[in-house]
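One structure is given here, and the rest of the page talks about it.
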Amino acid sequence: MTDYTDTLIRVRYAETDQMGVAHHANYLIWFDVGRIEFCRHSGFEYERMETEDDTFLVVAEASCRYKLPARFDDVLRIRTRVTGSQRRTVRFGYEILGEMGQVIATGATLHVFCNRLGHVKSLPEKYHEYFPSITMLTENRG
Amino acid sequence: MTDYTDTLIRVRYAETDQMGVAHHANYLIWFDVGRIEFCRHSGFEYERMETEDDTFLVVAEASCRYKLPARFDDVLRIRTRVTGSQRRTVRFGYEILGEMGQVIATGATLHVFCNRLGHVKSLPEKYHEYFPSITMLTENRG
Amino acid sequence: MTDYTDTLIRVRYAETDQMGVAHHANYLIWFDVGRIEFCRHSGFEYERMETEDDTFLVVAEASCRYKLPARFDDVLRIRTRVTGSQRRTVRFGYEILGEMGQVIATGATLHVFCNRLGHVKSLPEKYHEYFPSITMLTENRG
Amino acid sequence: MTDYTDTLIRVRYAETDQMGVAHHANYLIWFDVGRIEFCRHSGFEYERMETEDDTFLVVAEASCRYKLPARFDDVLRIRTRVTGSQRRTVRFGYEILGEMGQVIATGATLHVFCNRLGHVKSLPEKYHEYFPSITMLTENRG
């Protein structure tokens, strides 16, 4: 059993820059895409987490290491996993892989659970099962 | 007296594509920038129109003709004017000019006044003075 | 037989704006995506047209009519077809459809065939078959 | 004497997302803007470094910590400095400050000097003066 979700994207023309490669800011957008699919494959829709449960994964930190260039029309695999979670935060890790499995980039984002107004909150219990370490924290509390 | 507002922007690296020029979708973003400054120079903050008066300029149509390429680090002048307005719509026209005054692009956007939920509404009276043709319509009504 | 190609995309978080809908400039980027897939399904890779045949589809005009909002995580169908072509230009038409087939937007782009330096050129003969009206022009010449 | 350059930008509508704040990927684009202005204020045009001296500052790492949200139409100050440099790499640090001087975000990028083909190279000597630690390295060599 894998603990990650793979999502495929194709580099768009508008994502390239005059160096002839995908501009590095797009990688953070691709991490978003990977994270949303990770949620869906875990069993919930991130969109509903926002609209129905007033819980937003606000980005507190983001980082990326660029290993190899990504080029227009390349198909990239965004491999996303949870690398840590606590009652009020969750950390995701990402690998971006090329068609031959080569590592294009690695990255991480740290998120704080917030409500629509941006105030920090605990993750609603219905979502605990999707973030193992929170589940453990909760169980240990009992 | 001019009926337009000029706004300067500088082409960003991320806005270029592998053709070595600014990608054409950015022009619509620059039109936004020009329109916001047009509002400010006319005497009101677009941001407040949204938050305080629940009035959004929802884009119904946009078009652009690209005459000359814009390149990284070029300083561009976005010349914005209102080219028509009615009780529920307003049309803006744009010219993007290079440093020598050459025409890089021309464009237009048509907007419908909507509330936060996306329902069409009439422009609140406090804003009529900024859109001459609406003012005229209002006066003729009396 | 259809004369169009359908491409599916999913609205990204970064593509939304504070109105809660996809920002209108992204539609031009989605048209790009549709056009690249149209080329692929027609039988050639646009990337190679640029790199191997020094032929670029430079955008001369773009327009879009926005009918219904597109929202985060929506799956959109970009329906792309050639609506006209001449020796030095080609015109594409687009429809963006929602999951129920509703029309989100329609649009068009006009392109001029150029070399890497941005000089207008005729479309190389090997590509004529992909653009029917050019093929006809060529045959009528004989 | 300051060792940093301040650049002002205004948050664009297209840069906001449905959370009502500037999407976090834009910060990397703003870092670009700050870095280009840093170069200009240091005495050289980054554009010429690419075109005349075939030297590109390829991004190898990027990171950002988000402290406070940035909102539409906010004027932000991007404070950019060199925080380290070696013969083949340079590291930049950034602070993004709000109108009251509050820290919106901090970040860093690591760059490798490359030629147009993406091969690592040493920084040409004419640029050493702009990167103090490289100048020192060079002098110590003698």
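A few comments on the model shown:
Here the chain labels run A, B, C and D in written order, and each chain numbers its own residues starting at 1.
By our rule, a residue touches a chain if its C-beta (ideal position, glycine included) is under 8 Å from a C-beta of that chain, and two chains touch if they have at least 3 such contacts.
What you see is a predicted model; the values in this text were computed from it and never measured.
On a Cα centroid basis, the chain most remote from subunit B in this structure is A. When the interfaces A-C and B-C are ranked by C-beta pairs in contact, the top one is B-C.
Centre-to-centre, using mean CA coordinates, subunit B is 25 Å away from subunit C. Between the Cα centres of subunit A and subunit C there is a gap of 30 Å. Multi-chain contact residues of subunit A, defined as those touching 2 or more other chains: 13-14, 18, 21, 25, 29, 32, 72. Here subunit C touches subunit A in the complex through residues 10, 12-14, 29, 32-33, 36, 45-47, 72-73, going by the rule given at the top. Residues 19, 21, 24-26, 28-29, 32, 56, 58-66, 69, 118 of subunit C are the ones that touch subunit B when the two sit in their complex. Residues 13-14, 16-18, 20-21, 23, 25, 72 of subunit B are the ones that touch subunit A when the two sit in their complex.
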